[in-house]
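In the two complexes that follow, subunit A is the common piece, with subunit B as its partner first and subunit C second.
This part shows the complex of A and B:
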C-alpha cells in the first residue's frame, strides 16, 4: 500500500523534486567558488566567508521550497475530486495521512542527499584556507531539519479544507491590514514585526531558518 | 430478512437549506436496489452517509453488519463504490490506476480486471486525464467490480454515458450480480434503466424516503383508472386515491395505489362504472408518487 502511495506522490511531484535535487547539489558547489584564491591574507579569508555566507542563504530557501512543493502536491489530486477517492478507500484516515506524510519524506531524501553529496564534493575538491574548515554534515543536518519543518507545515495546511486555508490566509491579511492601519494613525505597535520575531527567533518554530548557513567557517 | 444496508432515524443537515430526516432504509442482502429521486432530494448525501464520507447528526447506519462511521474501513473493504463524478487521479495511466486501487483490496481479482479492461477496450497506457467520459465511467465500474465486493454502491453510474457504453456497463454489472450474488445499491435518474434491473426501489424526495418496496409491488400497485359517473366524494376506498382528473362529461381519470383486480366491485357499490385499468410504468408511477407525497405534506410526507 505504501509503495503505491509513494509511486503516486513521486508521479505528482517528480519534476519539482528533480529540479530541487539538482539545485540542492549545485548550491554547495557554488558556495565554495573562489576558495582557491583565498589562501593568503586574512582579508581574503574574510571575503571568502562573506561569499560562503551569501551563498548559504540559498540553503534555507531550497529547504523551504522543497517542503512547500512536496507538501502541497501530496494532497493536490485529492483536493480536485473533493477527497472522495481517498475517503472511500478501506483504510483509516490517520493511516492514509501517515502514509502520505511518509511518502513525502522519502521523496525529500532526494534534495537532502543532494546537499550532503554536493557538500562532500565541495569541501574535498577545494583547498580550504588554513584556520577554516568545512561542515558538510552539519549543513546537511540543518537543511534536513529545515525541510522537515517546512514540509510538515505545508502538508498540514494542504491536508485541511479550503476553509482552513482561507482562515490562515485571512488571518495573515487581517494582520497586514491592521499593521497598515496602525502605521496610518501613527501608533507605535509592530504586529508584523512581533509575529516574525516570535516565529523566527528562539524559541520560535522557524528559528532554524535564521542565522548563518556556512559550509565553510572558522 | 437479512439486510446489507440499514439506517434508522438518520438526520443530517447541510446548511440551512437542506435536511435529511428520519431516513430508514432497509436494503436486503442480494437485492438490486434502485434509489430514485429528483435532483436535490438527498440521494448523493445518503450515499455519502452510508460510506462514512459524511457523519449523521443522529440515527444509526449499518452497512454489511458494520456500524457507520465507527467501522467504516471494514465496511469499505467489502464495498465497491462508483461516485457521481470521476474521482480517480487523472495523472495516472489506466494500468497505474488499477495497480493503485488493487493495493487497497485483498480481494482484488486481477485476472477479471484484465478481462474487463479488454472488454471495455481501455488502453493500459492512456492517462486518465485523456479518457472520454464513457471510458472513465467504464474504468470506475471496472475498479469497483474487480474488488469483488459484497455490496456495490453506484451513484448515477451511467449518467451522461451514450447508450452503447451504458449497455456495456449495465451488462458487466448484471454479470457480476448473477455470478457473485452481490447486493447493488444504485441511484439513477434513468428510471427505465432501473426498471429493467432492480428488484427493490426506494424513492427520496426533499430529504425523506417517501417509499420503499419491491419493484413488482411498485409497478403493479399504481394504476390509472378510467371511471364513468364517479361519486363526488370517494369515501372509504379499498385503495389509495392519489389523484382525480375530470375528462369531460361524466368521465374521470383516477390514479390509485394498492390496486388489486377484485377492488373493481367498489365502483359498482357507489353507482359508478370502471371502464379501464391502465398499468403505469415506473416513471409515471414515480411522478404520481412524488405528486401525492408533496400534496400530503408540503415539505414531504
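This part shows the complex of A and C:
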C-alpha cells in the first residue's frame, strides 16, 4: 500500500521535487562560486567568509520551499478530487495520512541528498584557507531539519479542513489587526513581537532556521 | 505614610457608612457615593505623594567591605554579590600580588542595581580612570550569574585602578580595556577569527606558527617602530591611506600623497614613524590580542608577575613580559598563539538543543497531520 501511495504522490509532485533537487544541488555551489579572488589566497579568508555567509541565506529559503511544496502537494490532488480516491482505499484515515507523510519524507530525500552532494563538491572545489574548514555534513543536517519542520507544518495544515486553514490564517490576520490597534491607542503590548519571539527563539519551531548558514567557517 | 493611613481610614469609614442601616433615598445614596469617590481621590493623592517622596530619596546605597575591597551597592544587596566580594578580593590578591608584606591599595567598586525583570547589575569603578577619562566597561546583566562570575566582574573593575597606574609606554601598548577580561574562552575565540581572517601577511605568518611574526604583530619586540615590523612594504601605503587625514595633519602632506600615490617605501616609512609615534594602536591585531598576552603573563607568572611587570620600566615590552611571566618571550608568545588556536570557535551550524527541539516539533506537527479531520 505504501508503495502505491508513494507512487501516486511522486506522480503528483515529481516536477516540483525535481526542480527542488536541482535547486538544492546548486545552492552550495552558488555559496562558493563567487568567492573569486578569495579562492586559495589565504589572505582573503575574511572575504570568503563574508561571501559564504551572504549566500548561505539560500539554504533556509530552499529548505522552506521544499517543505512547502512537498507538504502541500501531498494533499492537493485529494482536495481537488473531493477525496474520492482516498475514501475508496481500504485503510483507515490515520493510516492513509501516515503513508502520505512517509511518502513525502521519502520524496524530500532528493533535495536533502542534493544539498549534501552539492556541499561536498563545493568544499572540495574551493581551496579553503588555513584556519577555516568546510561543514558539508552539518549544513546538510540543518537543511534536513529545516525541511522536515516546514514539511510537517504545511502537511498538517493541508491535511486539515479549509476551516482549519481559515482559522490559522484568520488568527494571524486578527493578531496583526490587534497589534495595529494597540499601537494606535498607544498601548505597550507587543503581540506580534512576542509571537515571533516564540517562533524564532529556542525552543520555537523556527529556531533552527535562524543564525548564520556557513558552508565554510572557522 | 500618614496620608495613606488617613486615606484608607476615610475609605473604610465611607464604606461602613454606605452599608449601614435603613433604606436610603436616592439623594442619600448619591451623596454617599460622592463622599466615597472623594475619599478614594484623597487616598490616590496620598499614595502618589508617598511614592514621589520615596523616588526622590533614590536608592539607598549599601556597602560591603572585605579587606581592601569596598563594594558600594545602590539598593538592596543581592545575596550573590554579598558572596562574591570575598572571592573578588582573593582574585585581586592572587592576580596583582598582594600579601602581608605589601598589601594591595584599597579599591572601591560600585554596583548599580537596576530594578526590573530581570534585575540588572551594572559594575563600574567608583571613580573613572583619569588617564583615559572613560567610565568602566558595563559588564551587563549579571544578576542571575553565580558568585564566581560576579567576583570576576568585581575583580576586573577593581583591577583597572592598578593597571591605570602603569607607565606610559606600557599603557600605550596595552590599550584602554581591562586586560584580564580577555582571558575568557569567547574572547580567545574572537581572536582566533581575527587571526584567521586578517589581511596582514605578518599576522598570517604568525597564525602559521612563526614566532617572530607573532612578536611583531603584538608589538613586543624592541623594533625601531612597531608598524614597520608588523606591516610588509606592500601593505604600508594602504595603512597610510586608511589613516590619511590623521597622517596629513601630523607630517607634510606631500609625504602622505607620495606614499599613497607612488607607494614610495621610504616616504611611507617616514610617515608611519613620525605620524604615528604610538604605533601600537595601529598594529594589525587589535588590543584584545595584547590583553590576552597580558592575561597569560599574569597566569604564568603567578602572584609576583604584576609587581615585576610594574617594576621593570625602561625595558622593551617583550623583556618586561618575559620577566613577569618567568619564561622566555618566545615561549610566552607561542603559548599565547596555542591558546588562541585551541579556542577555535565551534561551528554554529546545529546545536544539540536546536536539533532536538526541531525533531520535537517535527513529531508534534506530524501527529497533528495524522489526526486531522478532513473527511471524517
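Following the convention adopted for this analysis, the second predicted complex is superposed on the first by the 208 of 218 C-alpha atoms of A that agree within 3 Å, B and C clash if a C-alpha of one lies under 4 Å from a C-alpha of the other, contacts with A are read in each partner's own complex, and residues count from 1 in each chain.
The working rule: a contact is a pair of C-beta atoms (placed from the backbone, for glycine too) under 8 Å apart; a residue touches a chain by one contact, two chains touch by 3 or more.
All figures in this text were calculated on a predicted structure; none of them were measured in a lab.
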Which of the two partners, first being subunit B and second being subunit C, lies in contact with A:77: first, second, both, or neither?
-> first
Where does A:91 make contact in the superposed view: on subunit B (first), on subunit C (second), on both, or on neither?
-> first
Which of subunit B and subunit C A:4 touches, first, second, both or neither | first
Is A:22 contacted by the first partner subunit B, the second partner subunit C, both or neither?
-> neither
First (subunit B), second (subunit C), both or neither touched by A:192 = neither
Touching A:182 in the superposition: subunit B (first), subunit C (second), both, neither?
-> neither
Could you figure out whether subunit B or subunit C reaches more residues of subunit A?
-> C
Should A:160 be classified as contacting the first partner (subunit B), the second (subunit C), both, or neither?
-> second
Which parts of subunit A are touched by subunit B and by subunit C alike?
-> 87
So in the complex, which bits of subunit B are touching subunit A?
-> 51-53, 73-74, 76-77, 81, 83, 85-92, 96, 99-100, 103-105
For subunit A, which residues are in contact with subunit B within the complex?
-> 1, 3-4, 7-8, 11-12, 77, 80-82, 84-85, 87-92
Subunit C partner contacts - residues on subunit A that touch it in the complex | 42-46, 49, 75, 78, 83, 86-87, 93-94, 97-98, 101, 129-132, 135, 138-139, 141-142, 145-146, 148-149, 152-153, 155-156, 159-161, 164, 202-205, 207-208, 211-214, 217-218
Would you tell me which residues of subunit C are touching subunit A in their complex?
-> 192-193, 195-201, 204, 207-208, 344-345, 347-350, 353-355, 357-362, 365-366, 368-376
